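Note that the chains are named A, B and C in the order they appear, and that numbering of residues resets to 1 at the start of each chain.
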């Protein structure tokens, strides 16, 4: 299964010469760590832009009659906000960003399997992101991130641009997926069996096939929408024999697995942060790892639970409801295991740990409302309302984004060699936690009482809670501003971290921060799980990593 | 490069780095084919979904496709699959001339398939007035899927032509010929897709 | 490094105290959701609304209990097992890797709960679906940006409010004239999308008088937000009848005032009914049955289109004359029930139209 040994002259025994010059080192870099950081920076730029769009949404909703922007602009704003947050922020951060940055280090590889492909994946991403935002210039899409036809067939020219942008970012995701699968299958260090792999790698290993397979289905749907809009070829237009519901099938066949693409790596981050800061092995390692795979697999079989109101035959709906309930079981196992990990620990409340703890609480809430939504009779009530908006933000912000922040505070030292400021970090966490809950908790009852989603104006009876949410959302925005200030300040002035500021036991902490471009001087041999705090580190061959000695193999072109 | 020099190379130039790289590339390429397969599957799903949404098939006003012609064209494509297989086998065994002949035969047959498809398209568009955008879901699904497949064949023909040039320039040796393996895999993949497309458009 | 062995591995008294508190909180939450007056905030206008509320109460109660335990233990463990200033810097926690018994139970108990939840949901879902259908049939049609309603005995469309008599079962057929809309009445706890080219059905029995907003829940265009201004009015039978009569009269009057569909008259002489029959099977039967009006596929049954006294008007409110039927065949029609493709889209020549009309005319 894993690499038995480093073969002389093989990939692991081979170092490319360090690239020279700014462009080769930092722009068109082949180094997975640099590419990971490029992903993270680019995604946070897009995060800032689509976060601003979110504040435009909340400002509009301060008043029942809106008035901040026109209805048309408002529709463009929330559509681009949703699309950008999903495809340009969360997915790239968790897969291209943290995935690239961390998991090759954790499995003891020198790089990913296909560095050139990796660079290409990255460079497609900012281009498609710019295309998505450029769609504002020609009339951005208005039908939300789901762009259901036929209304998306009526959308402005930017809707086609949206199709092209998402198609491209999908190509980038697919290539990343292929790259990661091969890397994990083939490039683990000697002794790094699957059952010794850190849980973050398991998260990536469960995610990568989803990226590879599901994204392609979306590409087909997008291509068809683009062709129909631009060339009039009927796929979705019912007056020409097409089927609008078909889009929903194809879209959700991707987008439900996409939900797991956006959460499984975050699960992985939490599973790294918790043991490190409670100085305890993760509880139930195998069950957490296998439940990730179970969730990924089951994720392909539940897409129609997004379509209970679209006129599917009842006998088709039933298995989707029950399978969705079933996914609650492996998810529950993870939550219980994380909670149990804390028991008997020596818990250090670093900012990363706070975000991890916040993640568990908020994601659990989002997961529970997900079970609510799977129950068809209740879904027939709240589908398409603010209840859905609340649920999805609890999962994607309370879940994925909290995971991202935990990862940022945890791995920032590995990226930069400096710690993020913990005081600012704690302010960030608490304000974010308050602002987030204030923004999204009221949406649950607003949705149940009759507020539909994607509206620019609303019934005045909901005015109080909407204002409350808007104010809370400003608080959330302010906390994120603190985060950006923290990052910018700490890059230059942060405390030097040394190789292992948290006492982490996975491989990335055993080498300098930031690591050398070749990662390891010697590829280590792995003897056990990383989480046994009472035991010595289960690695051999790391003795020289923190010394000044040159790498064991000479750099040279082959 | 001639057959004699090729035989001389034996496996002498294959080092550990190449073996490991080849394994990565092979796996990556297979994964690429899987995701490409999903792309076709999605469009096939769309086609079957639209086809079964009530109208009867083929839709009123459109004749059944010309099955015998397409069957002959399929034989051409499957024949090219066979020649590609023999090209790779001959290369492995060092029969340089036979490899080139079979490779060229594959290119000719692939181009022949494309020509056949071109003829079929021309006949449909000008003879029967069935077009991509103007003939409802029939035109949409037929031209999109077969067009996508045709594009794959076209890319394959181009790639095989590059293989011919590379082989003549001596890029591949008896130990290092992943480019040819990938070309063969791709070509078989395109064949298999055609089996499915032929069944769902012409046979059912 | 071995001091963890000195730590007591068992559960301390604090753990059990916290467990007792969390249990009490969970019970409080369950009681809260059981008695919470949902209908005070959102009335239940149909029978099954209460069933859906029941399902919500069940899920909210069990969900709250679960969350209270997870969040409670999370908080308690975080506080109880925090690293203290007195700890040596390399102090480690309890080195427990797993506990198969515990893992077994927290897999099995949620799995059993999933079975229970499935049973409850399916039962309630059946109640929602299996409402009787022997009452009134209404059609709601989504438009950009309003809903219109068709009643069997009102010719044409009702465009302001949907009125329903109380205690009479309703079969509501939903479709759309343009894009997908969502037909939602929060007070009914029920919605369905109106999909162009598709008729979906929901069934329910109104039980409470009132005026309830109808809200569109699928984004449908620039004025989507405005699609919450129409109402479902549930009232006593006499009030309903009065409203119904008013609309009947209004529409009978209005239908004559509408201009003709335009496009010029189609010559109908020489129509061949048997050629039309073959053509109907080929071109029309995907959406229309040769059956009474109510037997809808995508469009209505057309058996009586020219001779049914209860449907003197066509979908465009023009009288059902051969000439007007030919007009629809020629020009198509987008509106009330969705979209009927025009002659070009259907590939119909003038003679084809004449043949089809002759065929429809031959049906009694």
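We adopt the following convention: contacts are C-beta pairs under 8 Å (C-beta built on N, C-alpha and C of every residue); 3 or more make two chains touch, one makes a residue touch a chain.
Owing to the predicted nature of the structure, the values given are computational and were not obtained by experimental measurement.
Participant: Are the chains arranged, by touching, as a line, ring, star, complete graph, or other?
Facilitator: Contact pattern: complete, every chain touching every other.
Participant: Measuring between Cα centroids, what's the chain most distant from subunit C?
Facilitator: Centre of mass proxy via C-alpha means gives B as farthest from subunit C.
Participant: Between subunit A and subunit C, what's the gap in Å when you average each chain's C-alpha atoms?
Facilitator: Roughly 32 Å, centre to centre.
Participant: Between subunit B and subunit C, tell me the centre distance in angstrom, where each centre is the average of that chain's C-alpha atoms.
Facilitator: 46
Participant: Rounded to a whole Å, what is the gap between the Cα centroids of subunit A and subunit B?
Facilitator: 36
Participant: Mind pulling the subunit B residues that touch 2 or more other chains?
Facilitator: 55
Participant: Can you list the residues of subunit A that touch 2 or more other chains?
Facilitator: Residues 240, 243 of subunit A touch two or more partner chains.
Participant: Which subunit A residues qualify as touching subunit B in the complex?
Facilitator: Listed in rising order, the residues of subunit A that touch subunit B are 7-11, 13-14, 113-114, 117, 174, 177-179, 181-182, 185-187, 212-213, 215-217, 219-221, 224, 227-228, 231-235, 240-243, 246, 249-250, 253, 558.
Participant: Which residues of subunit B touch subunit A in the complex?
Facilitator: Going by the criterion above, the answer is residues 15-17, 19-21, 23-24, 27-28, 31-32, 34-36, 38-39, 41-43, 45-46, 49-50, 53, 55, 59, 132-133, 136-137, 139-140, 143-144.
Participant: Within the complex, which stretch of subunit C touches subunit B?
Facilitator: Residues 282-283, 286-287, 297-298, 347 of subunit C touch subunit B in their complex.
Participant: For subunit C, which residues are in contact with subunit A within the complex?
Facilitator: 1-2, 4, 7, 9, 41-42, 48, 51-52, 55-56, 59-60, 63, 66-67, 70-71, 73-74, 77-78, 81-83, 87, 90-99, 102-103, 106-107, 110-111, 114, 117-118, 121-122, 124-125, 128-129, 178-180, 182, 184, 186, 189-193, 195-198, 200, 213, 215-226, 228, 334, 338-339, 341, 345
Participant: For subunit B, which residues count as touching subunit C in their complex?
Facilitator: 54-56, 60-61
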